[in-house]
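Each of the next two complexes has chain A plus one more chain, namely chain B in the first and chain C in the second.
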Partner chain A sequence: MLAQAVANGVVLGALFALLGAGLTLTYGVLQVPNFAQAGVITLAAYTMLWLNQSAHWSFWLAVLGGLAMGGVVSVLTERVAYRFVRTRPLAAPVVALGMLLVLDNIALVLFGGDHVSLSPPYAGDVIHLGPVSIPAVGVALVATAAVSLLGLYLFLQRTRTGRALRAVSQNAEAAAMLGVRLERQYGIAFFISGILAGLAAFAYGPVYAVFPYMADAILLNAFVVVVLGGLGNVVGAAAAGLLLGLLESFGAVYVSAAYQTLIGFAVLLLMIVLRPSGLFSSGERRVA
Partner chain B sequence: MTERPAILRSTPDGSAAGRLLRRLTPARDYIGIALLGAGLWILLIETNAFYSSVLTGILIWTIATSGLNIIAGLGGYPSLVQGAFYGVGAYGSAIAMQWGQPFWAAVPEAMVAAGFLGLVIGLVFSRTRGQYFAIGTLFSGLVVALVLNNWRSLTHGALGLSVDFGFANLDQLNIAIAAAATLTLALFRFVSRSRLGWRLLTILEDEDLAEHIGVPTTRTKLTAFVLSAAIGAMAGTLIGQYNGTISPDLFDYYVGFVMFVALSVGGAGRVLGPLLGSAFIVGVPNLLNLPSGIGLLLAGLIFVVVIIVLPGGFMSAIDALVHKLGPKARS
Partner chain C sequence: MRVISRCVPTRAETTVGKSRAWLPALGAAAAAVIGAALPILSANAEDAQIVTIGAILPITGLASTLGPVERDALTMAVEEINNAGGFEVGGHHYKLALKVLDDETNPASVGVSGFRQLVDVDKVPVLIDAVGTRSYQALLKRSPLPELNILDSIAPPSVMTVDPHVFLLRTDVFGYVPGGVWYLKNVLHKERIAFIGSAVDAYSASIENLVKQAAEQYGAKIVADVNYPGGATDFSPFIQSATNAQADAIYLGGVTQEVLPVAKQLYQSGVRNLPIAHSSGATPTQAKQIIGDPLYNDVMANNYDFAGTLPELSNNPATKKFFNDFLAKYHEYPDDLTMWAYDAPFIVVGAMQAANSVSDREKIYQAMLQMKVPPKTISEWVPAEGGKLFHDRNAQTLSEGVGWCADKKTIAPVFVYRLDGLKLTEQKVVENGCKGR
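Moving on, here comes the complex of A and B:
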């Protein structure tokens, strides 16, 4: 029971970490709480599903198509909406929600509201580790999250573009003075965040279900991860994602599965009251 | 939203007529609101059942978004939890009546319950600013929706509740809805020029500065939030009465956000903003009989466009138009 709860928690935590990393990245460069990320996930998931089942592409090719769609849609949200509210921080969260409404309902109009399932070739497999059984899709989720977060970390630390991105995140004005082209960095941040959303769709679709509002509630948990991990901190987001996943999984087992999301809310409350700067942050940006 | 609220922009007009008009302003505003209310009531009873039901939806939303207008429009705090207070009002009054309370007692009880919930949510999240207030309140709305769905012994879960009627017939309910909408608009007009309203405006302008010059910011925000919650609950009691049944999907977490959309599109901080915004967000999709997906899609698109090109909402466009057409003072 305990080991199973830990295993479930790791799977859930990997998903939270994947979402939180994308959110914290876009928050870092543009100070936008990117609610529209949930809509990007939805559209990426439906793209994979449509390419796989209606256009009869092979599963992996369809996943690539979905990732590309995620990146493109995410960059589009920045180009057509967020860029106009850069100087109006109060308008940013509501524009983000407006974009979410648009993206989710595009999916609803195009694909209908039914719950459908994205089924990879390994859909039915289950891996047994002693008393614990984990479906292969869960293992794939954890592996996807681990590989992509490690890749993101190396990209941010080791490459020129990654360093420029971190510079913008720390101080956009200073970065611009040193010759970093802000417009380009915004685009890159949103593209990466869109790819992460696509990866989340690939990881999430088989474990749960694909429907227009599939990612809305889980995205709020991802915001808890961002607050917990410290705003704009990718490593913090990964650690906080795992922590929250474990907490919610234990809550589901020992308290009530229906109120699982409530645990994320409780964590958010505690954070805001006790430690507004986040668990893993140096306190540069405060929440409250 | 970051624009200076219209209320702070004085319109200098030195003429004798201008001075007289300005001196008459409060009375003129309240008379205008009363006439508007009477007109809406006549529309409500004289049009056919379809138009009347659309107008009822608009008026009930006007009440809920007018409540939201206090904390979000005057104070600049983007509360996305108004839908939850709306739900607490509907469920609270329905449950109180099932427990044997008469309707006239059930309504204030539901409003007090929502006000208390608002106090709790406000105590935690009024510490946060802007974006995190939005995230926190949105999450609060999600939690309330979760409770409505899962506390089956009280709410019957997704099946919903049937609501006991508090009015003898539809005519009485129509009067109540029109009167409640009118009173709420008048109340907002009153609050916006009261001490509470001015304090909220200083918070909107610069909260730190307001704190420095001695505005009790925490108390002001909490008062406004509780007031917003109670008015939202009043709207909820009316939708319960009108529908006869309520279910959690009417009060899902995104409702609070769509209410915020309605307020922003209409004109945040303005007396008539909620009416205009509700007419647009609730009325247009219903009149055109759009399926819910396309309606919300359009609402989202229009909202994003309005926020980008017209930060003050439709009311600011009307202001500009009035300003162009003549030197008449506006309400």
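Moving on, here comes the complex of A and C:
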């Protein structure tokens, strides 16, 4: 029972980490609580579905198409909405919620309100490790999160663009004075965030179902992860995602499954009261 | 509130020729003037007046697997009534129109404004409703009219307790859920049942309540009883609760969009040999759409669904014809709810004829209480005493359990039954139902 709870928690945590990383990246560079990320996930998932089932692309090509759509839609949200509230941080949450409604309703108008399934070739497979059973879609989710987050970390640490993003996150004005083009960096941050949203759609879509509000509720857990990990802290988001996933899983098994979601928000309240800068924050704004 | 559809006689039926094209316009203008007094009637060139009935359905939202097909079935029935020439009441000739509003599965706010529109503004003589009746109690008291509910089987309390003017055009949960538990215990010989349901869905809660009662009555044991919170998409802890309790069968609570994702995750988690029972009325079309192709065929292999009788599995030629016509027209599998919805306009017309009025709500209500099963209905209603349609405002059919035929990717009957409380008064276990498919 314990081993199964750990396995369930790791799968759930991987999803939270993947979602949290995208959110924390955009928060790091623009201080925007990017609620629209849920809408980007939805449109990426529908793109994969449409390319696979209507345009008859192979599943993997459809996934690539969905990732590209995620990146493009995410950049568009920055270009048409967030750029106008960069200097008005109090307006950002309202704009972000508005963008979420716009994207969800675009999905509703284009694809309808029905639940539909995104089915990868391994959708029915299950991996048995001794007494533990893990759905193949769960294994794919963990693998996707691990590879994506490692790639993001290396990108931010080892590349010139990644260092520029971190510089913008720490002090945008100073970075601009040193020749970093802010507009470009904002676009890159949102594009990467959109790709992460696409990866979340690929990993999460087959677990449940694709519908216009598919990521709205789960994104709230991702915000818990962002706060827990420290705003703008990618490594913190990954660690916090896993921690939250395990907490929810253990809570469901050893306290009550009915309180699974409550546990996440109880942790959020505790964090805001006891350590508002997050478990893994150094106290500075950053992306890394 | 959006008008989803308006089914009215076609232009060809309502105009006599281009040279007199201004006549209908004049008629419409006259109708608009008279409309303040008789807004539900409008004249056309054939002297057939139009009676508009209203429907509020969950076209979008959580119950959106149910509303659109019910709308289509209502529309189909109205078209058939009109294509057959309409109907006579008190020596006058009428045709039927249908105005459908979407409550977005949010009756408390969206549905209430729809009720006001249809009942107080449009002044429809009869209202057809699905998920909203419980939210309309005060409105019904203020503006009483016969309301036919074609969906809400949640009990207790039954939707009929909301107001004496509410009729339920289906069997409530007492009429079918216990049969599922009886089947698990006595036919599949399962004694350790786990229940997994939704904590925020009253339908799921009413199933949970009855599964527990029925298990106790029939000698089975509920070994796990878990309800996932609203918005949950990862059911692994709940599945783990069921497997940890060593259940030998699982009963799922909720509607199709709740049940099928849980069934899918049960399969993906390796739970493949336990019978999965539910009362969702999921159709093969919905299973394919929500679970995905080709996985759905494997996921559904151990599924048993206990609800109303299905038109496809009926031996009645009229019911079979409805199934084939509906499938051909809308490319959607018509289930029990669809069949009941189709009958609603025929029942409304029958009540108007018996009341000798198309507008007097009280007379139509009284006629509905006493009416016999209308001859053109296809749901094979079980008549009450004296051949009446309603058993104390509840029209009832037999209930049916269906299993899955993996080789044909469709459903087949396994159990046909009728319940009086927890006691089976009619029962027929169907062996090898898939062979007849």
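Basically, the second predicted complex is superposed on the first by the 281 of 288 C-alpha atoms of A that agree within 3 Å, B and C clash if a C-alpha of one lies under 4 Å from a C-alpha of the other, contacts with A are read in each partner's own complex, and residues count from 1 in each chain.
Methods note: a residue touches a chain if its C-beta (ideal position, glycine included) is under 8 Å from a C-beta of that chain, and two chains touch if they have at least 3 such contacts.
It should be emphasised that the depicted structure is a prediction, and the values quoted were computed from it without experimental measurement.
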| item | value |
| --- | --- |
| Touching partner for A:261 - first (chain B), second (chain C), both, neither | both |
| First, second, both or neither for A:94, with chain B first and chain C second | first |
| First (chain B), second (chain C), both or neither touched by A:225 | neither |
| First (chain B), second (chain C), both or neither touched by A:117 | second |
| First, second, both or neither for A:195, with chain B first and chain C second | neither |
| Touched partner set for A:29, first chain B, second chain C, both or neither | neither |
| Contacts of A:269 with chain B and chain C, given as first, second, both or neither | first |
| First, second, both or neither for A:217, with chain B first and chain C second | both |
| Partner chain(s) touched by A:48 [first = chain B, second = chain C, both, neither] | neither |
| Residues of chain A contacting chain B in one complex and chain C in the other | 108, 113, 217, 258-259, 261-262 |
| Touch list for chain A against partner chain B, complex | 31, 33, 81, 84-85, 88-95, 97-102, 104-106, 108-109, 113, 212, 216-217, 220, 223-224, 227, 258-259, 261-262, 264-265, 268-269, 272-273, 276, 287-288 |
| Of chain A, residues touching chain C in the complex | 1, 4-5, 8, 11-12, 15, 108, 113-119, 123-124, 126, 128, 133, 135-138, 204, 206-209, 214, 217-218, 248-249, 252-253, 257-262 |
| Residue numbers on chain B that touch chain A, as the complex places them | 1-2, 76, 78, 80, 124-125, 127-132, 134-136, 138-140, 142-143, 146, 149-150, 253-254, 257-258, 260-261, 264, 293-294, 296-297, 299-301, 303-304, 307-308, 311 |
| Chain A contact footprint on chain C (complex, rising order) | 60-61, 64-65, 199, 226-229, 231-234, 236-238, 240-241, 244, 257, 260-261, 264-265, 267-270, 289-296, 298-299 |
